[in-house]
Amino acid sequence: MMTLINTFLADKGIYMLTLLLLSLGVAGVIVCNNYMKKLICMNVMQVAVIFFFLCLGQKSPGTIPVAMDTVVKASDYINPLPHGLMLTAIVVSLGTTGVGLSLLLRIREKYGTIEEDDMLRREELMTRVEKNGGKRD
Amino acid sequence: MTLILQAVLLLGLIGITLAIIFGKDLMISVVIYCAFSFLTMLLYNIMGAPDVAFTEAVIGVISTVFFIIILKSIDRKTK
Amino acid sequence: MTNLIGNTPVLIILLPLCSALLCLALTAVSKNLGSLVVKISCLGSLVLSVIQLCMVVSGGTIHYAIGNYAVPYGIEFVIDSLNAVLLVAFSLMGFLTVIFAGNFSDNKNHFKTAGAYAELALLITGILGMTSTGDVFNLYVFLEITSLSAYCLISLGGSRGVVSAYRYMLVGTIAATFYLLGIGILYATTGTLNMGDMSNILNEGGHDGAMLVAMCFLIPAFGIKMALFPFHGWQPSAYTHAEPGSRPLVTGVMGKVPALAMFRFFYCIYGTDFRFFRIALMLLGILSVIGMIYGSLMAMGQNDIRKILAYSSVAQIGYISLGFAIGTPIALAGSFLHMLGHAFMKGGLFFCTGAIRYKYGTVDINDFGRIYKKMPLTCGLLVIAALSMIGIPPTAGFFSKWYLALGAAGQHEWIYIAVLVLSSLLNAVYFFRLIEKVFIRQSSDLKTRWESEVLELPVTLIIPIVACFLAILGIGLFNVKIIDVLLMTLEGVGL
Amino acid sequence: MRKTITIILLITAVFVPFIAFNVLPVIGDPSSAPNTHVSDHYIEHAIDECNSPNMVTAVIVDYRAFDTMFETTVMFLAGLSVIMILANRPKKKIFAPSSLKRFRESGHPIYKTVNKDVMISIIEPVILIYAIYVLFHGEVSLGGGFQAGALIGMTYLLDVMVVKREKPIFNLPKKRAAAIAGIGPFIYALTGFISIIGGGLYLEYNKFPFPIHQAELHSIGITAVEIGVTIGVAGTIITILNALMERISFDDDIN
Amino acid sequence: MINFMALELRPLYAVLVSLIASGLIYVLGEHIRPNAREAITMVAAVCKAVIVYSLIPAVLAGTEIKLEVFKIVKGVSFAFNVDPAGMVFACVASTLWILTSIYSIGYMRGHGEQNQTGYFAAFAMCLCAATGLCFAGNLITFFIFFEVLTVATYPLVVHYRDAEGTVSGRKYLAYTLISGQIFFAAIVIVYSVSGTMDFVPGGFITKDMLPMPWALVVFFMMIGAGIVKAGVMPLHSWLPAAMVAPTPVSALLHAVAVVKAGAFCTLRVVLYVFGPEMAKACYGADILAWMAVFTIILSSFIAMRKYNLKARLAFSTVGQLSYIVLGICILTPYSTAGALYHIVAHAFMKITLFMAAGAIFVTTHKKDIREMVGIGKRMPVTMMAFTAASIGIAGFPFFVGFVSKANIIMGAVSMGKPVFVATLIASALLALTYLMPVVLVAFKKNVDNPEFDEGGDAAPAMLIPLVITAVISIILGIAPNAGLHLFDLAVMAGNQIFTPLM
């Protein structure tokens, strides 16, 4: 039973869950009405991808990629490449989050709301005002 | 064995994500996002990526702090 | 010195990068030093890229391994004739934009100006890097640099700009994530990140499934970044509300680079032997055809010149991807020619818009009436660029359309020719509407910010306008030379 | 409605290919493609080529150092973007300490039991020392420039969020932090440029024009680069934090 | 060392002269005095005429003048090839540019027009394009100039910048751009099936390249651009609408460049791309000929109902242009020569008519024929010239129209097409019925219209050109070869095309 679950997980299960997490993240970005939640979901999405990459680098008997000895055998250590890549990806995600947050603050100041539907209504109003040459109708 | 642990943690992450999406209070969302970050760190560690885990730990704290600072100036409640 | 010449591929990118990094610090030293350094470095980058083009034309593809590690282990820059030409065009456009941007900066606040320059320089860095890299993950990093600086530059354009930037950021991050997932799958299949190496391994056969799955993620990723038809939602408002100084670069060049990356993936990495290649081309063809019609139709209904141009970009990106969808070397060359041409057309149109806005403070085409008497040069470019968009010879747009149509005829895709004709007619509708407004409409008196008897505009605005004017005509008249250089690379990869 | 359709399309688009094709390697398989082709080289040659037992460090600051340079640039870019976006906002006082002030004045028990100023001044040096350790020890054990920078940023965060001092432990207000954040990646870029002067390719540590043993050159290169990363990341985090909290404005320092 | 005076380079110079003039006028435009602007135009016009005339002897001698400037698209050069057919059109265009320029100076000043910079620049650009069309050696060069002509005419059509002008400008663009883009698609198809684009007398497309139904489709895709510009019904409606433009522009549109470019395009496509055999085999020529017949008759009837003088002349143009199309589609050497010569004939006659109409408008501000009773008293010279041109249009012997029509009729007879012969003769009578009333009204005796008692004739700058053109049209009627050997050139062109077939 245990081995069966293990095989399933190794074969498809973990990937499935990761992808589910990713889809949830993307869905959250699309569905959520609140800009803050969209931002959090964006982070979730990025975590899912990072996780996906790390899955690729796992090696069942391997240890962490810090050499214990001067002579190293490739099969003893976990693949370091995805780790390197994902460090970059994490940093990028932090940067994006920072920019997103400052934009959020700015939006809140200009529009007084961070809800998508309010925003749309307000934008529509602004467009109408612009069309009427600055006068409200 | 690690795979099962990973699967469980992943399920936890999925649950947290759902809670974030359907939550009504942004402060709660942010705080459980902090928990999310912590679980992620654990997960990375289990997968043998301590460097990434270390980074995630630091980043998790910093981004949570960012979120909370922002929450000060926007409405907590959402529809 | 010879040593430096050998390092041109990386120096082209380092120059704007370093100037951006130091911009703020230098501004603390002296007020205008930061922006000056950015301008000089962009000029240097332009000069180097021209030198590099000469090197590539005479000596063939340059492979530059950073850190001198053997190919699949380190990061590699591959400059083939295609990249080299595009690099020249993009760095020229970057240089022009940097000159142009000075007129829109806040003169009182030097640090803010310096910050805007740094953002612009980083955008240029990202664009040039994406163009020249030969490593899929490095491409991602450059993609992020491009995107982040674009988010910032778009958000600087007022309160509407902030919302546009936020939406673009969400969508753009989804695109970046999909891209990562796509290259993750390819990495899982091949175990390498180098484009050439990846291509070799994939072409051994047996990886069709993985390639298909990766493609499912990569098409939306590039589609979003280049604003291909169903993924273009973010684009019109972002282009409309971007910061005026940087708009030519954002609109003219930013959408082209992901298109280049898309080309690299499908033609250079996947190769034409891929089993689902034809299906993918057909799909891409359908998307671009719809995009060309839709973009033009939407542009017809707008009054704001920026919106018109933004929607027309959706259509023009359709031209580029149509070339990819046809797939013969000549059509691909047409596609790249259109990429070059459109960079200058759209950039040029936005230079004009910026100049008009600078002088008269308006962007509504109903206010444009008869400004051509006051600004003959600007309106001259406006007309030439508009004609080029429609595809009237002897401007650049006509010739790219010619090669696209020729490629389509070679593949017996008559419907594509019909769509090209239809789309240029739709373009004609709104561009002649614009020209009509500029030349015909009487208008109320507009207040001017720039009073000079000798020049219609400051020199820093005239230089980009004249340069774009010459570039559009030059690309048109000397297209054969460019096409020959492009075909050096494309002969091997097309259908 | 449109959203629902989008999501359904999305989920199908994500899952159908995975179910249809068995494209991904089995997790943990040592002989799968990603674990063999390039990664073997990294694992086996990290020590002799880069003199770095930590393979991840070897990958990020030696084999793929160019990526990391731009990663640091992304950090700088993020910081710059944040202050650009938030510039010209109405300046307000730092709210975090003042909001905590209410706690303090209302006599919350925590302020009676622990003297947090003392606490913080003990913790901060420890974190800083740890950061420096992580920075310089990155090639041997876990960590590296990024983590060190983030830790320094965290120190600043603790400092400004918890304590209301006349002068913070390091006074890095406003745009100065952003300028410093730019200098970090510049040090990185410059390190790469030194090897060009030495006659090599960009970021080729072997070609540093210093008369030292090759392995040492790599160590020097890695350390220099890590210092750059640290400065960049620390500067950026401080910048973003300042910008978000203090609502910095460029208007107040017109020269 | 390049010989800068070489024969081969002259067509290039002819094109460049007006291009440079156009650029100079546009750039200097508002900064220089009107005199300078007009001087540039005149100098360029004279230079161009000299350059074009200098090519005639060589062409008559049968010398091949070919120039490949550079590769314009991959595999195809930007090529000039001076042949008799092109020479005829080029001579007409360059000669008339001088006269029209003199006339425009008079008209513009007399009328106090606005936007003169744009006017002169666009005019020079049109002439540049028209000359390019004449000398173009292959389809793509031809197309480039064709589109440049389309665009350059637009500012002239909308010259007054008013609502009416805008509407006709839109109409003009809609017709010409759509047909131009379809022309473009057809060129692509032709190039991809045949691999060549050089004009060959007698055509280069064979049945193997384009099987039957497609041949007809491509034929009409290509010919569409030509017949739109030439105003063949039912695609003519932009032409009367463009009448809102100033009279020199109408003269340009109708006589010098634009509609003639359409007719010339038809000629090139039918005889130099498809060739007589192919055009006949795919029924394209027949269908086009019947369209032309229909146009000739119908336009005459419409012209009779118009009382605006310029509108009447416009419909007259529609009819006369179809003569050329008909002449081309009869597909014999005679009719081809006649069609080419009709380009000359119609140009001189119609420009006289338009200049006269413009002179009347500037001098008396009259547009409607019914108000012109007795105008001959005030403007005798103008109206004499008008009369001469009218008779010429009707095809009286000793007027230039006779030569061309006789040739076309001879061609029709030799092909055994009685309907075409009948049409041509009937239309001559119809032309009389719509143009003679104007003359009769003008010279009506016993009417004393007080408006026309004083004031005298039109200003000399307008009068001189129109007298010259009227005189030329009589001279050419008596001696078709006078001066420029235009008739010989036309006959040469006809023979060149049909000789290989015989």
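Going by the order they are written in, the chains are A, B, C, D and E; count residues from 1 in each one.
Here is the rule we use: contacts are C-beta pairs under 8 Å (C-beta built on N, C-alpha and C of every residue); 3 or more make two chains touch, one makes a residue touch a chain.
Since the structure is predicted, the reported quantities are computational estimates derived from the model, not experimental observations.
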Steps needed, at minimum, to get from subunit A to subunit D via touching chains?
1
Kindly list the shared contact partners of subunit A and subunit C, in label order.
D
Would you mind checking which chain's mean C-alpha position lies nearest the centre of all protein C-alpha atoms?
C
By CA centroid distance, what chain is farthest from subunit E?
B
For the chain pairs C-E and C-D, which is connected through the larger number of C-beta pairs in contact?
C-D
Please compute the C-alpha centroid of subunit A, do the same for subunit E, then give the distance between them in whole Å.
67
Can you check how far apart subunit C and subunit D are, centre to centre, with Cα atoms defining each centre and the answer in Å?
31
How far is the middle of subunit C from the middle of subunit E, if each middle is the mean of its Cα atoms, in Å?
43
With chain centres taken as the means of their Cα atoms, state the distance from subunit A to subunit B in Å.
11
Among all residues of subunit B, those touching at least two other chains are 3, 50-51, 55, 59, 62, 66, 70
Going by the contact rule already set, what residues in subunit A reach two or more other chains?
9-10, 14, 22, 25-27, 31, 55-59, 62, 65, 81-83, 85, 87-88, 91-92, 94-96, 98-99, 101, 103-106
Touching chain combinations (by label order):
A-B, A-C, A-D, B-D, C-D, C-E
Show me the residue ranges of subunit B that touch subunit A in the complex, using the header's touch definition.
1, 3-4, 6-7, 10-11, 13-14, 17-18, 20-21, 23, 26, 29-30, 33, 36, 40, 43-44, 47-52, 55-56, 59, 62-63, 66-67, 70-71, 73-75, 78-79
Would you mind writing out the residues of subunit C in touch with subunit A in their complex?
137, 140-141, 144, 148, 151-152, 155, 159-160, 162-163, 165-166, 169-170, 173-174, 176-177, 180-181, 184, 187-188, 193
Could you pull out which subunit A residues touch subunit B in their complex?
5-6, 9-10, 13-14, 17-18, 20-21, 24-25, 27-28, 31-34, 36-37, 40-41, 43-44, 47, 50-51, 54-55, 57-59, 62-65, 78, 82-83, 86-87, 90-91, 93-94, 97-98, 101, 104-105, 108, 114-115
What residues on subunit D touch subunit A, complex-wise?
3, 6-7, 10-11, 14-15, 18, 24-30, 32, 34-36, 38-40, 42-44, 46-47, 53-56, 58-60, 63-64, 67-68, 71-72, 74-75, 77-79, 81-82, 85-86, 89, 140-142, 146, 233, 236, 240, 243-244
Listed in rising order, subunit C residues that touch subunit E in their complex are 330, 370, 373, 376, 380, 387, 390-394, 398-399, 401-403, 405-406, 408-410, 417-418, 420-421, 424-425, 428, 432, 436, 439-442, 477-480, 483-484
